[in-house]
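Here come two complexes built around subunit A, the first alongside subunit B, the second alongside subunit C.
== the complex of A and B ==
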C-alpha cells in the first residue's frame, strides 16, 4: 500500500517536472514547478524529515517561487513571442539527457544487497533537535558561512540593480535597439 | 526502497538537464536549475534516512540557503539582461564577450 502511494506520488512529481520543461508559457512552467516542490515536500514527509518538508514549502514554494513569479509579472510582455530552440537542438538535448539518465541509473543500487536493508529498518523521524544539534555542533562553520553568503548576496543584488546601463559594442545592432526602446517608452 | 527514491532523484536531475539544454528562455532555465537542485536534495534526504544520520538533513538545509542565494543572483542577472539587451533568451548573453 505504501509503495503504491509512493509510485503515484513519484509519477505525479516526474509529470509536473516534465511540465516545467514542456509548457510553452513561462508562468505555466512556474505553476508546474510549485506543484513539483509541494509533491517533493510530501516525499520528504514519507522519508521522516518533517523539518525539511516544512522548509521545502517555506523556502522553495514560498520564497523562491514568489521571487520568480513576481519577476515574470514585472517583465511580463518580454516573455511572449519567445524564440525556441530548433528541432535539431531539441533532439540533441533529449539524447544527451536520456544518456545522462541512463548512466546515473546504472549507479543506483538495485536488488537485495548489504546497503538495501531499508525495508527492515523502521523509518526514523528526524526531529528539529537532531538537526539543530548536528548544525550547531558539527557543522557550525557551514552555518556561519551561509550567513555571510546571504549577506553578500543581498548587498550584491542591491548594488547590481542600480540604475545604470552597460556600454554596448559598436555596430552590434544593440544600440539602435536600445534607442528604439527608449523612443517607445517616451 | 532507497533505490526508488534515488531513481526519482535521478529522473528529476535528468529532466532539469533536459530543460537547461532545450529551453531558450532564461527564466525556464533558472527553474530547471532548481529542479536539478531538488533532485540532489531528495537523494541527500534518502541517504540520510538510509544511514540513520542527520548529516544529510544539514546538507539539505545549507543547500536550501544556497539555492535562495543562487536564485536571487540569477534573477538579478536576468533583470540586467532584460534592461540592457531587451532580451529574455539565452542567445542574448553571447554579446557579453564584447
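== the complex of A and C ==
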C-alpha cells in the first residue's frame, strides 16, 4: 500500500513539475510550482522527516514563492510578451538539461533496490534534535560561514537599493521656491 | 490482528481529525457572533437582534449563524472581466486550506488511555509542531496576494501587496518571539511545551507569560497583525481601498475568506494559550492526578467505569482559554484605531524587531546562567 501511495505522489509531483515548464502563462506556472513544492513536502513526511517537510513549505512554498509571485504581480506584462527562443538556445538548453539529469540520476541508487523500498528508509528519523546536532557540532564552521555570507548579501542588497543622492541645482528644491515666494511677498 | 490495529489507529485518527476540525469551525462561527455582539457592546448598541426562528432570536445567534450564511449562499457569484472562474476560486482555496490544516498540530488535552492504547489528544504528534503551524501560516500569504492579482482591479492589487508586505514583516517578529520561548521549553513539539508549563516558578504558575512577558506581548501583537484585523487591517482598509483584496469577492467566496479570517483568530488564540498560558494546565493544580470518585458523590456504576477526568477537564480548560483569547482579540479590534502604513512598518522593524533581538539575547543569557531551570524543578 505504501508503494502505491508513493507512485501516486511521484506521478503528481512530476506532473506538476512538468506543468511549471509547459504552461503558457507565468502565473499558472508559479501556482504549479507551489503545488510541486507542497507535494515534495509530503514526500519528506513519508520519509519520516517532519522537520524538513515543515521547512520545505515554510521556505520554498511560503517565502520564495511569495517573492516570485510578488515579482510576477508587479511585472506581469514583462513576462507575457517574450519572444520564442532561437534554435541555438533550444539545442544548448536540451544539452544542459540532459547533462543535469544524467548527473542527478547518478545520485539515485536505483540498481541496489533502495529506490523503491522507502518503508525501510522511513525508519531513519531526521528529528529536530538530529539536525540541530549535525549543524552545531559536525558542520558548525560551515553553518557560521553561511550566516556571514547571508549578512553580506543583505548589506549588499541594501547598498544596491540605496538611491544615490545627487546634489540638486541651486534654487530647484521646494524650500528654495517657498523662500522665493516669501521674498516676492515682502 | 495487525490489520485490526491498523483499522483502529485509522479510526482514531479520523475521529481526532473530525474533533479538531469541528472545534475550529464551530469556534470560528461563534466568533462571528462574538464579533457582532462585542462590537455592539463597545459602541453602546444592541447588535444583531432582528432575525428569529420560531420566535427565538437567541441573542442574535440566529442572525449571525443562520441568516448571514444563507444570504451569502443566495448572492450572485461575480467573477471580474478577463479572469477565469478557476483562477478566481484558487485564492479562496489558498486562504482556507492552510488555516484548517494548522489545527492538526494543536494539543487539546492530556493523553487518554483507552482500548489499551495511549491516545494523544492531538491530530498528529509532530516533533516540529510549531514550525508546521508557521509553515501553513506562511502559505496563507499566497491566498491574499493571489486574490489581489486575480481581481483585475487596482484597489484589490494594492490591498494584496500591502497584505504581503505586512504579513511577511510581522512573520519575522512572530518567529523571533517564538524562538525565545523555544529556548526556554527546549522543544518544537506543542504537547511538550504544555507539559513544560506545569508547576510553579517563584510562586507564580510556570507559564510562558510569567517566564517571559515581553515575548508574550510581541507574539500577541504580531499574531494580531498576521490575522489582518484592526489596528492592523491596512490590507482591507475600507476608507482607502474599498475593501482591498476582498473587493471583487462576493457570496460564498467572500464568506469563505471571512471564515478563514475567524479560523485564523482561533488558531492564533490556540497558539497563545499553548505557548504562554499553559495550554490545558490549571495553575497550582495538576489535573492529571485526578482519579475517579469525588469523595463518593458519584453513583457506584460510574466509578466502576474508571472514567478519565483529565482529558475532559483539560479540553474544557483549553477551550475556555482559547475562547477568552478570541474575545480579547475582538475587543482589541474594536477599541484601537488603525495605524498609518508607514507607522505599521516602522513599528514592526524599528521597535518590535529590536525588542525581539534584545529579548532573545536576554533569554539566552538567563537560560545559560540557570535562571530558567523549569525542566529540573
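Keep in mind that, in the parts below, the second predicted complex is superposed on the first by the 123 of 186 C-alpha atoms of A that agree within 3 Å, B and C clash if a C-alpha of one lies under 4 Å from a C-alpha of the other, contacts with A are read in each partner's own complex, and residues count from 1 in each chain.
Operating definition for what follows: a contact is a pair of C-beta atoms (placed from the backbone, for glycine too) under 8 Å apart; a residue touches a chain by one contact, two chains touch by 3 or more.
Owing to the predicted nature of the structure, the values given are computational and were not obtained by experimental measurement.
Looking at the shared chain after the overlay, A:139 reaches subunit B, while subunit C stays out of its contact range. When the two complexes are overlaid on their common chain A, residue A:90 makes contact with subunit B while staying clear of subunit C.
When the two complexes are overlaid on their common chain A, residue A:5 makes contact with neither subunit B nor subunit C. Once the two complexes are overlaid on the shared chain, A:73 sits against subunit C while remaining clear of subunit B.
In the superposed pair of complexes, A:63 makes contact with subunit B and with subunit C alike. Of the two partners subunit B and subunit C, more subunit A residues are in touch with B.
In the superposition on chain A, contact is made by A:31 with subunit C only, not with subunit B. By the touch criterion defined above, A:55 lies against subunit B and subunit C together after alignment on the C-alpha atoms of chain A. Residue overlap on subunit A between the subunit B contacts of one complex and the subunit C contacts of the other covers 51, 55, 63, 72.
Residues 87, 90, 126-128, 131-132, 134-136, 138-139, 141-142, 145-146, 148-149, 157, 160-161, 164, 168, 188 of subunit C are the ones touching subunit A in the complex. Put simply, subunit B touches subunit A in their complex at residues 1-8, 10-19, 21-25, 27-28, 30-32, 34-35, 38, 41-42, 45-46, 48-50, 52, 54-55, 57-58, 60-62, 64-69, 71-73, 75-76, 78-80, 82-89, 91, 95, 98. Contact residues of subunit A toward subunit C in the complex are 27, 31, 34, 50-51, 53-55, 57-58, 61-63, 65-66, 69-70, 72-74, 76, 127-128.
On the subunit A side of its complex with subunit B, the touching residues are 3, 6-7, 10, 13-14, 17-18, 20-21, 26, 29-30, 33, 36-37, 40, 43-44, 47-49, 51-52, 55-56, 59-60, 63-64, 67-68, 71-72, 75, 78-79, 82-85, 89-90, 92-94, 96-98, 100-101, 104-105, 108-110, 115-116, 118-119, 121, 123-124, 126, 130-131, 133-135, 138-139, 142-143, 146, 149-150, 153-154, 156-157, 160-161, 165-166, 168-169, 172, 174, 177-178, 181.
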